[in-house]
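Two complexes follow with chain A in common, the first pairing it with chain B and the second with chain C.
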Partner chain A sequence: MKQAEQIPRNALVWMIAAQFTLLAPHLPRVPIWVVAVSLCAALWRIMVYRGSWSFPRWPVKLALILAGVGGILLSFRNLIGLEPMVALLLVAFALKVLEVARRKDAYVLLFLGYFVVLTEFLFSQDLLIVLLCLCNVILVTTALVALHRPGDERFSLRPLRSATAMVLQSAPLMVVLFFIFPRVGPLWTVPLKSQSAVTGMSDFMRPGDVSRLSRSGEVAFRVAFEGEIPPRSQLYWRGLVMSRLEAGTWSTLDYYDVPADQRRPPLPEVTEAPLRYSVIMAPTQQRWLYALRYARSADTGIMNAADYRLFRPVVIEDDFRYTVESWPAAELETELSPWRQRTELALPQGRNPRTLALGQELAAGSDDSQAIVDRALALFSEQSFFYTLEPPTLPAQDAVDAFLFGTRRGFCEHYASAFVVLMRAAGVPARVVAGYQGGEINPVNRTVIVHQFDAHAWAEVWMAGRGWVRVDPTSAVSPARVEFGLEQAVASEGTFLADQPLSPLRYRGIRWINQVRLRYDALTYRWQSWVVSFDGTRQMNLLQDWLGQVSPLRIAAVILGALALALLPAAVLLLWRRPLAALAPHDRLYLKFCARLARMGVVREAGEAPGSYARRAAQAVPRLAQSIESITRCYQQLAYADDPAREAAALQREMQQAVRRLN
Partner chain B sequence: MAGAGGSGIFGLRQSLRRRFAQWLEQRIPPARSITLNQRRIFILPSRTGVFFAVCLCVMLLAAINFQNNLSYALTFLLATLFVVATLHTYGNLAGLTIHAVHARPAFPGQHTEFELLVERGRRREHVGLSLHWPDSSVVQVSLLGEDRVRLALHAPVGRERGWYKPGRLVVESWYPLGLLRCWSLVDLDLPALVYPQPLASAAPPGVASADHEGSSLPQPGNDDFYGFRDYQQSDSLRQIYWKGLARGRTLQVAQYVTHTERSAWLDWEMFAGLGTEQRLSHLCYWALEMERVGEDYGLRLPGVSIAPGRGELHRDRVLRALALYGRGSPA
Partner chain C sequence: MQLQELIDSAVAEVGKVLLGKEPQVRLALCCLFSRGHLLIEDLPGMGKTTLCHALADVLGLSWKRVQFTSDLLPADILGVSVYNANDASFSFRPGPVFTQLLLADEINRTTPRTQSALLEAMAEGQVTVDGETRALPDPFFVIATQNPVHQSGTYPLPESQLDRFLMRLHLGYPDPRAERAMFQRRQAPGNAREGLQQVISTAQLAAIREAVREVQSSDNLLDYLQRLVAYTRESPEFEVGLSPRGALALLGSAQTWAVMHNRNHVIPEDLQAVLPAVAAHRLVPSGDYAGDGAALVALLQRNVDVIRP
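== the complex of A and B ==
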């Protein structure tokens, strides 16, 4: 029993291998010393196996545990939250590797390993990460198999083979359970990822914010249109509407900033057919969603704010899928309430005096808002304004003055901000809109991929009778930005993704790289829409499509079917006939001979030599004495002669004929 | 009342155990060779399996609380792995044939060796099999490519002479994942012979005389070389030790003798007046004693007579007859 409880060497090898592959995907989010601890623990355990060192005694173990917890407290400043918990799990795993001596320990260790795989999914459900995690599951299972094999076996890949087979055999039933298992809401609140993971736009904007975002090649969201994709110059993905300027920073109005009777926006009249599309957003840790104006969503839990943007009360922590209908031509808020009018005209007192003066000058000629807008845009296009990803920094005070009358080099947020201040100074209600503009159309699956570098800021101006109208001052400075995207707009500057030399987006010119990138992106889209963002609603639709009608009986039938499907390959494998080592032909003939004689009443006893059996048989059945003698002689020569090869064939034939004649 | 209740539960447990034994008897009747199949194999989650199930529940909770689809997928994958492991664990035992080979006879209370042959079924591998009788040593064995493996289990025999049945052999395995225990309770028809307990006694009359008269005296003969002595007139020329003469010794002849012994009979009637078991115990003692000093001995029991002889085989025959006396037909 003692012997059996020990861990075979091969199992230890697999465990240590699994330790590092489990650690690999977590590398970006754990402190480097966790890696060092893992390495040391593995090394120590190997030395223990070789007999050079001994297992740590309990005071040492206790000290190690305390040091691990202390280290995590020092690195993360707290223990609540996903990252510190994962780091703690990995440190526990390393220390358990060090301690593992018996099978019981190994079970704890390996089940902990499955848990480490699960935590990875809380951070990323990317296709490649999932493949790596599948390998990790197989590796941990391999260690589990190796744990039950004999300890003195040579190292082989056999446990890996069986583990892979078992995991693959588990796939069919897993898929069915995945789609059928009812999705219920969280049972209690769980620790969130730390705020460092917030990506994309934020709900305030200072000069330089959007240009910083535009240095990233990450995907912000992907859109699949039901019909034709509108031209890219029309793809203004509204995310945030910023109506308030304070201390040089634009920010959105909070829910409670809006008077209670105006929190629901007046519904615009819609006549034409809407654009229908679905969006899958990368997690942002924020609450707002992106859509073309004017957007409505039938999905539960998605709301329209007073300024016609979509938001979700729950923070978006994972890839999130939503469907939208948009009416680009709808007139928004044709009647402006006094409160709204005040808000959209407010400017900080005494700031940007030159800009205010310029605004009043623009308004002097006429009352027509459109004319004022045109004059302001003409100002941008005719004077020497430059569109650049690397604008000079502006002073904290009177930044708009400094930009309009000084540097004149800016990114979209500079133009949008300056334009809106100008409009408000001219008495035209205006606000900044932040979101994304354009996107890349993937020819593989006709989705629009919107990257972070498509981040954009523009303006909305209110005009009597027309409501809110979009005005993009950037297009006056750099028409290429709206027509062709950022890469073209800053081509002469060479700043596109300048600090991401490895991003495949930089190599769109190389045909095969681009092909691979787009195909992978299409796969990712499919993965996200089917797996990552699968939820209760989609589940209901899917089950209705499959089963026609969702009844417990049908669901049970599907589960049973899948169970059979899952177990069938394994069963076939088990029932596959693998006969015992084949008998030599002469042995087979001899057994046949014995069987014939047995039918005549002469049974060969266990262990009886052929010679004595032959004598007995010849006495019992004298008429066959000659055959019996000749068969036995042939057999003895074939089986026991030193060098039977010489006449083996002849003997074989003789024996065969004799046996056949035996009746 | 409490006492009565306790005995009631005890009685219930007894009767359940008896019912189970009867059921097992029908399901897996005793045989010299037993092939494990679905009728004979039981499978249930092991303690590790239960622990694993608890871990799965925790993982499911995590998946629900984080609303994370891949976590759901992982949980279901592992749950299905558990189900698939049932088949693999079963397959590891199924088809295995266990042959009873030999049980070495022993004296009461001693450990003896049961020899078994484990033969593989259709699968090429049967890994991590563990075999034991309720009170025997545990033997771990794996068939990795070989067709059959011989193994020996050591278990104590009972205190009573005759055939000792070691009970049902437990064949179990946790391979491949340790989550399930798959086992069979096999009644291998492999009883071990238990000899009577040897019991010393004063030398019985027949044997005592044998001690004197039966001591072998060398008689001249032709069987065994005995030694050299000086040549005498009557000696045959063939017996002269020519080599010694060639080396310059005196003329000598090689002497050959034949041992003639008196044989003793160990007789049932020698211990007249004692109980059956005691008689057998004394006879057993004397048989061993005679064997030790190297004399021939025969055995006479009512209905049994074994001609005098010596050597291991003879001793085993005699002891076997003693062990099985009055125990019905020998197996």
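== the complex of A and C ==
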């Protein structure tokens, strides 16, 4: 094999290093055996380099490929979908290492490496992940640089330096392309994330099951208010409205469950100034959005459902940003249609008989809805109900009865569910609302961070003349839950984030950890609002602001112009460094003379000395032979002989005049 | 002054026996004026030995010739201590190396051991035998001839030894006219070489060497030299670039060349004139590069700009 075809040892080292750093961000979502395959492949390749083993032959390679595909099939049950595809890619990458014998194989591997870097963004666009991917790009580039330094047998960091410089130099281009390169829609779609990756709320509620949701420290969404942040006890982020109770499960009404003439909610009258805020929510793989009570959004693609919640027809697969206006005091649906009345009073036949009886007993006293609500809440606060995150499970049959008259231990879902059933039994239209309550105010940038453990469920009760009114039965049992949040409410129990020992949220008591956490969160918010949420629409708006009218020609012009601007500093630097200015006057004069002759067709070769050039030029342009000879003589005196300064000045003058006369 | 004429007449004198090889003769003289040793590489029968004889005659130097064979031993060159039974002592019998001009014929036919015996003599101008160091005569030149390395029965000279030769020359076939003249002279009576006269006296030789020392090299020229050297070290075609010793050899030869052309300063043409002879045997092409040392020199000369950095 020619030396140019060989892979230098240094390049191999960087290649294998890149292999593992490329694998690192994918670790949480690939089976552990993929790591083992990578390790073995790297080891094998190293043994090949040391000459102990040989490259695998084709039957072995075929067996390895089949085993890899089979392993993916066994681990994921199918090959279609994002995770299995990425795992397959990583296995293929590891096996390809075993095939890298020549430089061209290394090219294939490293260009595949850039693609592997890209796949990470399909899962997360977190700031730290982006930094890690940048490091990976640098590392892959380093391997590429090292590949072109043959004979570098000792490990050296020099390729890393070059690669870092190259990546940093391309950063301005990257920024330009990010802002103006047209966002092309996908040419095809694959079923992206599998459902197992979903965290957050589901669109149904079974209070009998133990909730896992309330304990996760992940961020559900972040909110930036334009003005003052309302008090925490007013922050009820509505997400889902559940009006239907069937077989112990609460569920929402779909768009088509609502009669056609009622699919748009009656617009309430709003007089006071709205709360304005923007929300950036983490992907949920669902369609509903979170907002404070009576919310409207001017963004395109956000709709209002009949029960005054916001939703988006497209599943939220990436970080999604939207702006909202809310009127918390607005009266919602002061007139209830017969269908709505029926729906919000419906109870399953023959279930929870003791609760029904209690409801009717509560209603017997008066017709006033407010009084009934007060009495029910008094019931919760006076009798021995407990707020806990670890309630006993309830029987599937008559779960509300079992809760109200039996266990009396539960969290928000239990209380909301029981309260709504009680209200409906008492003849008051009521429904469950699921969403988040409260949030943490980040003092760094004044955003409200809502975590998954802020998930909450409460009730809405319809009262004549006032419309839908929010009632939170949990606050009657555990006022701390609403005032101070979940952590305070379960402080005595010790169940807050009990299964997440590493979450920084657990260590909020330690001042510097909390500071770092909040600062990083503020940085994340900025990252999300500037970069992640910069989609095709916002790009179009930006371009329209700049260009007025967006046409392909103008976009092309802007791209080229911006590229030129981004490259300008590099060009200036290159020119600056070129030591043209370091040339002595006689050198510059001589080069001018060469340029003149070049225009007459006699170009000086790089390696041509003045004397031989002069002879050639004199032959080519005989009429100038004399001036050529004298200029060359002067130049040779000036450049190579150490003449006294006075003579040098005279020679310089003579040469200058000769060059000027040369025509 | 008359220096150029002196050299011209010396070249002409050598040209009486070695026809049509004027450039090589000039370079050979340049090498000797620069106190360098000369290596002449060519096929057998191309006039290598003739050139040596002629140079020795023209410079009026005492010379000895050693034919290197595969069984030649170091003592055969340096000399041996002989036991004298009469007064029971050792007396040193100097070898052929103790001369002003040593002609080492077919140096690569002998073993590396014997080759390296010449090393100290060439580098230091002295010889150590039996722990005693003996100085060699003052102008001490080695002119070695060698057959091309690919011929059978040769031991290639190691790089370290090649480096001690200031120049390496190829003679090549004579052109047809010179060859015809040679044939004609063959028919004439008498051996032509015996007619060669000494042209340059020892004093004149010393004067030339003195003049070489006075030659100036301007910054512009040193810049060009450094660009040349740097190119051999950085460009991927070169496995081994020019060493500092090689660079000094280049500059020294160029200075002599300038003196031989009646100049007190070096110009780029001087460097370019001696470059192939001085550099070609010191450069090693890298594995990727198809050419040999001469091709490397051509590449070097073509790609390094004389004027501009």
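Following the convention adopted for this analysis, the second predicted complex is superposed on the first by the 526 of 663 C-alpha atoms of A that agree within 3 Å, B and C clash if a C-alpha of one lies under 4 Å from a C-alpha of the other, contacts with A are read in each partner's own complex, and residues count from 1 in each chain.
The working rule: a residue touches a chain if its C-beta (ideal position, glycine included) is under 8 Å from a C-beta of that chain, and two chains touch if they have at least 3 such contacts.
Nothing here was measured: the structure is a model prediction, and the numbers come from that model.
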Partner chain(s) touched by A:641 [first = chain B, second = chain C, both, neither]: second
First, second, both or neither for A:611, with chain B first and chain C second: second
Which superposed partner A:316 touches (first chain B, second chain C, both, neither): neither
Chain B versus chain C as contact partner of A:587, first or second or both or neither: second
First (chain B), second (chain C), both or neither touched by A:103: first
Which of chain B and chain C A:659 touches, first, second, both or neither: neither
Residue contacts with chain A in the superposition, chain B compared against chain C: B
Chain B and chain C footprints on chain A, overlapping residues: 3-4, 150, 579
Chain B-facing residues of chain A, complex: 1, 3-4, 103, 107, 111, 114-115, 117-118, 121-122, 125, 130, 133, 137, 141, 144-145, 147-150, 153, 159, 162-163, 166-167, 169-171, 173-174, 177-178, 181, 183-190, 318, 531-535, 563, 566-567, 570-571, 573-581
Chain A - residues contacting chain C, complex: 2-4, 150, 579, 582-584, 587, 590-591, 594, 605-612, 636, 639-642
Residue numbers on chain B that touch chain A, as the complex places them: 48, 51-52, 55, 58-59, 61-81, 83-85, 87-88, 90-91, 94, 119-120, 122-124, 127-128, 130, 138, 140, 142, 144, 147, 174-178
In the complex with chain A, residue positions of chain C that touch it: 216, 218, 220-221, 236, 264-269, 272, 286-288, 300-309
